[in-house]
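Labels for the chains are A, B, C and D, by order of writing; each one numbers its residues from 1.
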Amino acid sequence: MSIFADNSTTVIVQGITGRDGSFHTRQMIEYGTRVVGGVTPGKGGQKFENTVPIFNTMRDAVAATGANTSVIYVPPMYAADAIMEAADAGIKFIVAITEGVPVLDMTRVAPFVHEKGARLLGANCPGIISPGQSKVGIIPGRICTPGNVGVVSRSGTLTYEVVYQLTRAGLGQSTCVGIGGDPINGTNFIDCLAAFEKDPNTSAVAMMGEIGGTDEQQAADFVKHHMTKPVVGFIAGQTAPPGRRMGHAGAIISGSAGTAAEKIAAFEAAGIGVARRPVDFVDLIRARLK
Amino acid sequence: MSIFADNSTTVIVQGITGRDGSFHTRQMIEYGTRVVGGVTPGKGGQKFENTVPIFNTMRDAVAATGANTSVIYVPPMYAADAIMEAADAGIKFIVAITEGVPVLDMTRVAPFVHEKGARLLGANCPGIISPGQSKVGIIPGRICTPGNVGVVSRSGTLTYEVVYQLTRAGLGQSTCVGIGGDPINGTNFIDCLAAFEKDPNTSAVAMMGEIGGTDEQQAADFVKHHMTKPVVGFIAGQTAPPGRRMGHAGAIISGSAGTAAEKIAAFEAAGIGVARRPVDFVDLIRARLK
Amino acid sequence: MNIHEYQAKEILRAQGVPIPPGEVATTPEQAEAIAKKFGTTVVVKAQVHAGGRGKAGGVKLARTPAEARDIAGKILGMQIKGLTVLRVLVTPAEEIASEAYVGVILDRASKAPVFMVSPAGGIDIEEVAAKTPEKIRRLRVDTRYGLQTYQAMELGFFLYADLKQARAAASIMQKLYAAFMASGASLAEINPLVVTPKGEVVALDAKMVIDDNELDRRPAIAALRDESAEAPSEVEARNASLTFIKLDGNVGCVVNGAGLAMATMDLVKYYGGDPANFLDIGGSSNPDKVVAALRIITADQNVKAILFNIFGGITRTDDVANGIVTATRANPLKVPIVIRLTGTNEDIAVKILKENGFSASADMDEAVKQAVALAKGGKAA
Amino acid sequence: MNIHEYQAKEILRAQGVPIPPGEVATTPEQAEAIAKKFGTTVVVKAQVHAGGRGKAGGVKLARTPAEARDIAGKILGMQIKGLTVLRVLVTPAEEIASEAYVGVILDRASKAPVFMVSPAGGIDIEEVAAKTPEKIRRLRVDTRYGLQTYQAMELGFFLYADLKQARAAASIMQKLYAAFMASGASLAEINPLVVTPKGEVVALDAKMVIDDNELDRRPAIAALRDESAEAPSEVEARNASLTFIKLDGNVGCVVNGAGLAMATMDLVKYYGGDPANFLDIGGSSNPDKVVAALRIITADQNVKAILFNIFGGITRTDDVANGIVTATRANPLKVPIVIRLTGTNEDIAVKILKENGFSASADMDEAVKQAVALAKGGKAA
């Protein structure tokens, strides 16, 4: 088992003929993901690498393939439209990789996706991988191995770092989810924690947060009141200065709110194991799995 | 019993100090309606006729009075805002009397009201009266008498005409609802029919439709499949020429659609008694109540 | 409110819809001058609030300025569906590779604007809908979000396989939607939307209908009203805040409320008569409105009897009675009148009428029967 | 992106927000001329991307043109929070009866723009929020519907009991919201919003922050960027598509990915060091970016050691290795460098580095420890 993506996941790639889209489509197919179609307006009827059918619109793509998932690699100014197109076409799980989506766009996308009964992951996220089953996005497949640790993170490469260390230590993953670093995104920590709590194949969760906002504090509250499985957490940005955006649009301390210290305190208050360094995840999780 | 309005109805009048608002507030109070407050911006803190407290905003009015219903007499350009204000303040039943509300406004008002879990009656409607209990709107109280006939209509004075004849014939009413003559409104025939079907005090329903749209056809379908109580219907506009708006914004035959003939045929196919003249309601209902 | 093709085109042009140039002429000489300026074959198009202008002979090609003058001379003054043509639009004729239809209407069942597009353009879209419904694609627009690019592209690809043309059509639809919303329209259509031999997508005709309720907050749109293009009696009625629609019968009807007014007309028909009009004096009665109503109705030579049907709610029946007295005192009636009134201040109204030589009934059926009989030359019962 | 007060005021003025006139001066003489033109007491305000200008002495009253010149002379060139003042805004001084705060921010928790208003204006709103939260009213705006009139009126009545002033404030908030949306802002505030002795409601100060992600589709807003008001190293980084933030430590960090970059800085601190910067080379690696990164970092005299931490995913580690080789060949390093890389094309990268005299580690912790030690003057382990 796993969360959000598994063997039944069938994927349409939105922007399949673009630079990033084509590269990662190959990677996903290589990993074993069931990529059933792609969308590039004007290329409907063609095939990607002679195998994957291309459509002009998501409506055509979903009608022809019955796909349940899409992954988006279109430029930032078109990403909101692509997300809405996917949701309107009946896609139930939408993974938006695109970085740089205007935040105001997301204030309209979020309720639209909700009204359509779909789940959005991202935007500005590395996607999701359920090792051995399906990879939707850009997380490098070779650093993952199947297992029973759920991983959820606001970051990309920091996730890779932690997953890499878990894999090296023999701690496989049920699913690794990158929720993305934007201030408004589709899926948050709590959505993932709740799914991991329900997933019979997940025994512990590694959670990587960062400065900015209150998602980690709310996640800690959720862990305290609704989770039975052990959670280990990390907060990036302890040395970040207030008021500066640390790369991610969401990673910013506003006034005195959203600091690493307050998030770590929330973790501790909720009984979440706190990793001081990325490498600490290995021992903390191992201890909790015994 | 009754539908939508009864003894527990507590009303805020939006636009209470205006010409129509003040006149009908007096009428409603006289009828026994529990008018608990009014709203006129800038007159917050004053009292209407030394009894009804006035507030600057609906939020203030609902917070102070706990009202569950509002009735709107503001000018057409402000009506959409007033409806949204009421829904946002927690009002669950909103009666918009105002005529001339732009139709595009209603395309945004309808989903807003729905999201807030409220019911809108109108706009451009005479309101509702549950004889002996509560009157919200402008239907003349003296033509009504308590009883077990439910009345629902797209028209104002035509409703009065029918109710007047019913009352004169000794056929009292459980509730009379004017859904209004606009092309997009908050409550339609089916909403009322479903409520009358559930209401233990309603034994038969009189329904007055008119040309334009397909509401009556859908209502007929609903009656056929979901109603056990007898329904008698009338369609106004048999002599109306196509393409002309007959007073009501919604009363227009578009091409060959929305004619009286097709609506009457739908009534007949659904087993609805068809009143050829307003006066026919009396005999048709009496026959069905036996 | 209907506006003319040339006005709708101006609105769409302002939003960036590609539309060939065009100018309006009210005389044959102006039409000739415009054609000369364009220096090419032109189309001369009657500007009138009626469909089927082409079939009625109101749209013609002119190869030379002289021909444009002759054709304009024939079209100007022409009657189309009872309306006189007072203006023509002169516009360069375009070569056409294909014709499509694009429209957006405020759809009551969807509670939203709905796009209808068809690659079978240039003809009546209702005909396409009836005969080849598969050639029409409908798309509902949620006004909270507006028309999204992906939606416009779906419609664009339904019209054209070519990406460039699909994109051009999508862009035109987004502009059409913007114009629709900004004008408070209930209908906006481009028919035909054409592809030229060069592959360009342009709008050759445009039609817009504005929601009357929007006019108060859109003075620039309200100013487009062309009263010369409407029936004078309807203009007079609107200015008196009455709703009036002329029909062909002989029983003039004055009623309060649209539903009751229609029901009254229907009852006239039921009893074998023919209503001369729809007339709603609306909710708030004041004697002046009644005076205006009587003036409009009595101006119709067909009217053989007048029927008042008033159910007093907000409307005070004594106001109506006073209006009748005032109007008939100034201009004595030449046809019989039947007055039915009941409701608010009924006693006072009846008294006023009696004192002035009128009788009144409280029963709608009886009143209608009487009026029908009187219009047929019979006597009041 | 931050913009200056005078730029924010222009945007708000264009939407119709009442704002007293004002002009920008870059020299004391210009300030004098502007003050003379206004012919009244003026305020001279430093235009700089920093809060607390008043406390820093960057906002002063000038009663005469000569005084305006003197004050402008003192403010121009002043340093406020490390930024040099290059422009002053000269604006007539207003008499003030009361001061309020009105702001709208893009709130992540609400997933929407949220208004915050307070009758306690003119001071830091965070202070008001902390000390007297009952003096603040928040209102979430659903962008699908926009700010409704009733919402603006609720806020207006929270600020003012008087209907006229409440209406004026509501109208200003609707215009502020329109400006916020039209500019792609993440913050727009008026502090103070004042009532004049005559009872008029006007905006005396304005601040806007634009979402960087909006700039590509808003060229007019993007053109407001004032690079002279930013740290040169950050301007250079942005032009090279890097995200760079200067800090006070001595370990220069080059990392791919924002989360890993923060975690790397944190680990430097954990091992007793001090990061000199945040620097994210982003997802797509090309050698030029690495060259630019090294140029920016080595320009900082405080940097005593350089740490690369690259986890190759999309980023190809051989691209990074090539970048390091190219950059150091052109400008030999004067400080030690520690390179950690793993992931995509790691073998090739290690080979390239070795051939050019660099060593590389695959372990993040070890690399950070080494870099900290080197920065302290120790040796690489």
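To be clear about the criterion, contacts are C-beta pairs under 8 Å (C-beta built on N, C-alpha and C of every residue); 3 or more make two chains touch, one makes a residue touch a chain.
Because the structure is predicted, anything quoted here is derived from the model rather than measured.
Peer 1: Hey, how far apart are subunit A and subunit B in touch steps, shortest way?
Peer 2: Minimum step count, subunit A to subunit B: 2.
Peer 1: Measuring between Cα centroids, which chain is at the maximum distance from subunit A?
Peer 2: Result for max centroid distance from subunit A is chain C.
Peer 1: Could you see whether B-D or B-C has the larger number of C-beta contact pairs?
Peer 2: Answer by contact count: B-C.
Peer 1: Taking the mean of the C-alpha atoms as each chain's centre, how many Å separate subunit C from subunit D?
Peer 2: Chain centres of subunit C and subunit D, defined by C-alpha means, are spaced 56 Å apart.
Peer 1: Using the average of all C-alpha atoms in each chain as its centre, how far is it in Å between subunit A and subunit D?
Peer 2: 28
Peer 1: If you look at subunit D, which of its residues touch at least two other chains?
Peer 2: Residue numbers touching two or more other chains: 144-145.
Peer 1: Mind pulling the subunit A residues that touch 2 or more other chains?
Peer 2: Where subunit A meets two or more other chains at a single residue, that happens at 108.
Peer 1: Edges wherever two chains touch, nodes for the chains themselves; is that graph a line, a ring, a star, complete, or other here?
Peer 2: Topology of the interface graph: other, matching no listed pattern.
Peer 1: If two chains touch, include that pair; go through all of them.
Peer 2: Those chain pairs which touch are A-C, A-D, B-C, B-D, C-D.
Peer 1: Which residues of subunit C touch subunit B in the complex?
Peer 2: For this pair, the touching residues of subunit C are 106, 108-109, 111-113, 126, 142-144, 181, 184, 186, 211-214, 216-217, 243, 245, 247, 255-263, 265-270, 275, 278, 280, 283, 311-315, 342-344, 364-365.
Peer 1: Going by the contact rule at the top, pick out the subunit D residues touching subunit B in the complex.
Peer 2: It is residues 145, 148-151, 153-154, 157, 163, 166-167 of subunit D that touch subunit B.
Peer 1: Across the complex, what residues on subunit B touch subunit D?
Peer 2: 41-42, 44, 56-59, 78, 81-82, 84-85, 88, 108, 112
Peer 1: Would you tell me which residues of subunit D are touching subunit C in their complex?
Peer 2: 144-145
Peer 1: Residues of subunit B touching subunit C in their complex?
Peer 2: 20, 76-77, 99-104, 106-108, 110-111, 126, 138-140, 143, 153-161, 164, 181, 183-184, 208, 210-214, 234, 236-241, 244, 246-251, 255, 260, 276-279
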